[in-house]
Amino acid sequence: MLGIKGKDLSVFILVAVLALLAPFLLNPFPVDSAMAQFNAGYPDLMQRFVIFGIFAIGFNILFGLTGYLSFGHAAFLGVGSYAAIWMMKLVSLNIVPGIIMAIVFAGLFSVLVGYISLRRSGIYFSILTLAFAQMSYALAYSVLTPITGGETGLQIKPGDTPLLSNVAEGEIGRANFFGLEMSDSSVITLGGWEFTMNVGYYVCAVVMIAAFYLAIRIFRSPFGMMLRAVKSNQQRMNYTGLNSKPYTLAAFVISGMYAGLAGGLMVAMDTQVGPERMFWTASGEVVLMTILGGAGTLIGPVLGAGFIKYMENIVSKINSTVLHEWFAFLPDGMEDFLVTIFYPFVGKGWHLTLGLMFMAVVIFLPGGLVQGGQKIAAMFRGKKAAEKDGKTANQQTPAE
Amino acid sequence: MGILEVKNVNKRFGGLQALGDVNLSVAENTVHAIIGPNGAGKSTLLNCLVGKLIPDTGSVMFAGQSVLGRKPYEINQMGISRVFQTPEIFGDLSVMENMMIPLLAKRDGSFRMHAIESLEDERELRAEAEKMLDEVNMLDKQDMHSASMSRGDKRRLEMAMCLIQRPKLLLLDEPTAGMARADTNNTIDLLKEIKEKRDITMCIIEHDMHVVFSLADRITVLAQGTPLVEDTPENIKGHPKVKEAYLGEAA
Amino acid sequence: MNVRPDFSKNANHAETAPAFLSVWDMHSYYGESYIVQGISFNVHEGEILALLGRNGAGKTTTLRSIARLGNPQVLKGEIWLDHQPLHRMASHEAAVAGLGLVPEDRRIIPGLTVEENLQLAQIQPPIGWSIERLYDLFPRLGERRKQEGVTLSGGEQQMLSIARALARDIKVLLLDEPYEGLAPVIVDEIEKTLRLIKEQGMTTILVEQNAVRALQLADRAIILDTGSVVFDGSAAEVLENEELRHEYLAI
Amino acid sequence: MDQIIVQVLNGLDKGSAYALIALGLTLIFGTLGVVNFAHGALFMLGAFCAVIFSRILSLSHEIVDETRTDFLGNPMKIDVPYMHDIFGPELGASIIDWAVPLSILFSIPIMVGIGFAMERGLIKHFYKRPHADQILVTFGLAIVLQEIIKAFFGANPIQTPAPEAFTGSFDFGVLLGFDPLTIMYPYWRLVYFAFAALIIGAVFAFLQFTTFGMVVRAGMADRETVGLLGIDIDRRFTLMFAIAACVAGLAGVMYAPIVAPNYHMGMDFLVLSFVVVVVGGMGSLPGAVFAGFLLGILESFASMPAVVQLLPGINQIVIYLVAIIILLTRPRGLMGRKGVMEE
Amino acid sequence: AGHEGFTNAPSGDTVTLGFNVPLTNAYAEEGADELRALELAVEHLNGGGDGGMLQTFSSKALDGTGILGKKVEYVTGDTQTKSDAARASARSMIEKDGAVMITGGSSSGVAVAVQALCQEAGIIFMAGLTHSNDTTGKDRKANGFRHFFNSYMSGAALAPILVDQYGADRKAYHLTADYNWGYTTEEAMASSTEALGWETVNSVKTPLTQTDFSAYIAPVLNSGADVLVLNHYGGNMVNSLTNAVQFGLREAEANGKKFEVVVPLYSELMARGAGQNIAGILGSQNWDWKLENQLGARYSGTNAFVQSFGEKYGFPPSQAAHTCYVQTLLYADAVTRAGSFAPCAVVEALEGFEFDGLGNGPTLYRADDHQCFKDVVVVRGKENPENEFDLVEIVEVTPTEQVTYAPDHPQFAGGALGTCNNGA
């Protein structure tokens, strides 16, 4: 089906189903329950999950396949965002032109950065990309303020009247998709549960599914194989008659365009851009997402993106009052004790939890979260498989 | 006029004259062996042919065109393939994928973005790769992770990768080193067969005289960067200088 | 502590001299792949043992297991060298205990010159041959002493690798295909050296594809196939036993 | 002219901080091959060693002063340091005043201990893992260390002044024949420069005049073979890591009076120190030191008013711009060795 | 009644407020102090504690029974002092927790970003610590209100006192943080001081990420200037001031006068970070906990707030804490007076609202730009502070009239409030 098969197809269907049902799956707890804190099924976070998922999928095409570790990908996301917001301010509030321009500009910028940076490899490449991104950030923050709005960034203002959209005097234009407003939601209430179906989220989800599909195709294509060959042995590649340079550049630009797409979508969902989107920590974040999920795997980057954004948005919001609520059923002493234990790890301590999680994942799951999933799956498959494995171990003698 | 013409090639590494005025002419569709003591400059000469090194002076012509100044991949596209002294394969890839890459390079040139097509659909290439693997007795290993093969297998794989490109000139740097006797013999047979079946010229560096004498049409003996003699195998065997400098008791 | 296992039941040869190096029921794995499948053998002091077998038979794996390198993992078995339990040691401890391995891919350390490669071997006592004496043995190395080790020619690297092992005062020398890539004269040279150090009491295990050559040098031979010992006896026996040679060595 | 001299001084001083951090980093990164994102955290821990030590020195007990009241109208509590009780107010005060230099002695064992624990407990298992994994785990560690410091010391910077004797500035101008007060330079910064030179010299001497450096480099390139030569490379790696941690820590201790320590100062330096190391060239100690000074001086010049007015924003990007230019013209940075982290 | 037809109309017997403060990164301390004050405000609104400024507030609409009879609940989030993160956090409060008002924050970038978001979503934004002119200037929004003072006011308040203290014949050198807040502050300081006779010799922009300012400080002494104005905040301020002191600027003389350093915007928490170095340095503040004690009943409310904050947490509150506390009370009061949570009703109640008793003396929430107008406190770093909470002394208070400007003043031009948005 669709030109992919076997395991890839099941992974694809899984991702598509998860993305489409996310408003339900991410809201497992009734609104009034103490656990509602853990619900992630609200539009903003769901949008972030998929947008950063796209960003990480694209990054993985470069890093996972070719092994080139870019530390400046946030610059492309930023460039895409700026392009998109200007399109919305000047041309149309419809998100489509904005997103297209985001991809185009990010693509062009990545051609430039990639062409120069790819003259070096290994850590030298990483530092070159980092340097470009940091320069973009610094310039956007200060000197380029007339174009980027500086620290406060750019937003759609009451005075902005895009060429192709009519906005009433004094009103602030809203992003739409052929008339459907991104912020429109409808809430489905089922018993104690509430599920928000948001237009913006579904636009993002469909784009992400498409982006994921494209990534699978790339992974399984001859081009994808060439990229893995670049990672494996460039010397052999050259002596086999292949020019590794355009392959890596193509991968770089594709991943830059994914980043631009993510940047454009971000603006489409939330019409605001600030330069810190391009700071090195933002580039670092997508690296962490990819490794955390499992570099070089298809679904890993999406998982990693979800994991980090979940921590950032959910764990940081847990404060001591919430903790007290959770443990309210316990005797007072116990309650205070547990709150004291948990408090340093949530709310303002969410960074600590994040740091510990990073360490735990690399130490115990060298292959990232994907490996964790595989381990759990293996556990479920149970004894039968284990027996079989045991038997084959003795026969696994590749010697001829 | 040979298909490969090396004229007055010099190469220095710092104070060391690795190649001094090397002249070599390899006739089309012959097997030309280069032998000589360790450090004589054999591998260096090969490196100059494939663009890994650039000679200080001299010219290298292949099929009437100069190879100097071209990138390794361009030289390969001209029809020169090389097997390295220590196996160079795509260790992270499976054996089958290792075979597909040279085929794609042959078909599509140095760069072509087949980003949407599926690898699975390249049935013809796959069939061709299988045939080649069969010839080198590695068909059963086609799904193996190539880095975890024994070294002899890696060598055979590398050779298969070069052969499948149907190069006009095949350069082999000690292709049978570390190979079991049986496989050495198989390799000799394979190379012989290919030589008969196809239009191919080979340049072979070997220390195993059994291989050299069973394959070579002509032999150049290199010593300290300069050709000592060039002659037919029979004459080389008996050549006193060669015997002393290189062959020792083996002759 | 030094209780030695009684090997007499397992040793299927008639010699009565006490074993110097004993390997007993050794099982080695590369990750999940089960490679060396329970092999046992003894080597006596001052003896040269030829370890033979086809590509992928597990020869290298056996040597690496004895040298206690992290990969493969020896999950079961005991290795004793001169009353010392090697199987309880890490590779650097085994080296101090008197083991020297010349690995099959030479493993010259990048970034270090020829001389530094040799000096490195003499940092941890006990120290063997002096560097000058090694240069006498391989004059080529002396000429190249300031050159970076990895830019040596293939054969020169092989010399360096052997020299590096001899630079330490070792009791057992493990040679993984030492002749590979060497010119015939040098092979003769090294063979002489091996004889020389044998006379000085060195115990050697030699892995070599050129079985005839190895057997002419060795006292005893072991043939491996798919990770098990299929023959353990005197070298002469193998040379005489046509069937054996044919089946496992293809000669 | 005087301005140029001042900026050279500034550059040397900035450069010595960069060089010291880069030196520690390159021992771990360029020599052990570990991409250590926790290096900035080590620097920060060093600075906090100074903070902690001066806190220890000024540990106090409270006495209540009935004559005065605090902001809520309660009797005022006044802290009296134990040092004053032990050594008398005068000597006590001057011991507290000298907290930063004294904390060098305090920090060496601590930083070596931290380095040792970090290598044995964590890094050891990551030598053979991909760089990406190293980044993730050391970044995680850096966050954890930062948050621990933040939990104890808060997010605000903490002033840790240099001893009274070193406050104020030295008038260089007079020395060079300019008018007085034209080239003033703070004493402590001069001390920092001298200290950096000393540490750099000591590390160089240690690696140059012993085989240690060669062995570690060899171990980096090929652990297995070095093991075959009887060398216990793990022990040396641990030692190397401890030295690097110590260098980072000392850089931090002495930096505390220059910029008040805060919990994220390490992250602020992290990217820059990687840039310095890479521009210097992977695996090259002189490269790292040289690049540290070079970038420090360039940064100083780029912040001169005349330059900023001519090229707005140049001060923001000069380091990155120079890094790009150097890396494009010199494939392996200024003095990089072939093959280190190039794959 | 009537609680519908706008975003997050509270339906049950509770109402949720969103406290969006920096919990991590450089301003975490300020965020923590804001949060303390916000929690205190909730306590007081719900009738707990001693009622704090509810007792002194000139409007008596609030009675300690929550807001319009609904118990006040709150959610917290982390702005990380990044506009993306701040908006994400604010959106989650709006979309997930149903917050009807958002307050907090400690930088102008974040304030502008969140204010715009609230405008779009139909939520009231009560800005926390934000000092850039833009928040109620070119980026003003109908749904957003600022109690804190701004760059212009700092300049207008400081200039006369600077002239008074240091003389009219002064040459100033500006170091300015290279981002929007820095620009507006420099502009305000330069134009106010120039109007009174000072000369601006030079101004240099410094990168936000700078930690060592030596290269910027060193040239100052020989530039012909005799005053250094540090348009820096937070960590930048701590470091540049520390560097200035290290380079001996405090002891130096230039043009025959003692060299002076000025920090337009003071923050108690950062003053703590700068330690001894702030001694004798002039700057401005929105509020100080000693106001009522030292300047009398005009600033009533101050002591009531300090008392309840001090009782609860053991130290005096910062101006950031004060601002957030006041903003929460003002919001609650406006809702009560309007009788509705509907943003447009609240906006109407707040526009042109005059009040007193919240610690700043008589105050006006101006309708034209939603900026508060009140006295500005000019402070100086103490020479011999008694403890870490007593680092500044009040020099003078500049009266409201002197810091008031026309809504279309050039420094605030280019913005429009637009119309209030009730959202869904």
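Chains here go by letter, A, B, C, D and E, matching the order in which they are written, and residues are numbered from 1 within each.
Heads up, the rule we're going with is that a residue touches a chain if its C-beta (ideal position, glycine included) is under 8 Å from a C-beta of that chain, and two chains touch if they have at least 3 such contacts.
For reference, the UniProt names are A = Amino acid/amide ABC transporter membrane protein 2, HAAT family; B = Amino acid/amide ABC transporter ATP-binding protein 1, HAAT family; C = Amino acid/amide ABC transporter ATP-binding protein 2, HAAT family; D = Amino acid/amide ABC transporter membrane protein 1, HAAT family.
Note that the structure is a prediction, hence the values are computed from the model and not measured.
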Common touching chains of subunit E and subunit A: D
Pair sharing more residue contacts (C-beta pairs) when D-E is set against C-D: D-E
Rounded Å distance between subunit B and subunit E, as computed from the means of their C-alpha atoms: 76
Whole-Å separation of chain centres (CA-atom averages), subunit B against subunit C: 30
For subunit A paired with subunit C, centre-to-centre distance based on mean C-alpha positions, whole Å: 52
Touching two or more other chains - residue numbers and ranges from subunit A: 138, 141-142, 351, 398, 400
Junction residues of subunit D - those touching two or more other chains: 312-313, 316
Contacts with two or more other chains, residues of subunit E listed in rising order: 28, 32, 178, 205, 207, 209
Residue ranges of subunit D touching subunit E (in the complex, touch as defined): 2-3, 6-7, 9-11, 13-14, 17, 68, 70-72, 76, 150, 154-159, 161, 167-169, 181-182, 184-186, 188-189, 258-260, 262, 264-265, 268-269, 299-300, 303-305, 308, 312-313, 315-316
Of subunit B, residues touching subunit A in the complex: 50, 71-73, 76-77, 81-82, 84, 88-93, 97, 100-102, 104-106, 109-111, 113-120, 122, 140-141, 144, 148-149, 161, 165
Residue ranges of subunit A touching subunit B (in the complex, touch as defined): 3-5, 214, 217-218, 220-226, 228-229, 231-233, 235-244, 246-247, 250, 254, 398, 400
Subunit D-touching residues of subunit C, taken from the complex the two chains share: 67, 69-70, 90-93, 95-96, 100-101, 103, 107, 109-112, 116, 119-121, 123-124, 164, 168
Subunit A partner contacts - residues on subunit D that touch it in the complex: 35, 122, 125-126, 129, 131-133, 135-137, 139-144, 146-148, 151, 271, 274-275, 278-279, 282, 312-313, 316-317, 320-321, 323-324, 327-328, 331-333, 336, 341-343
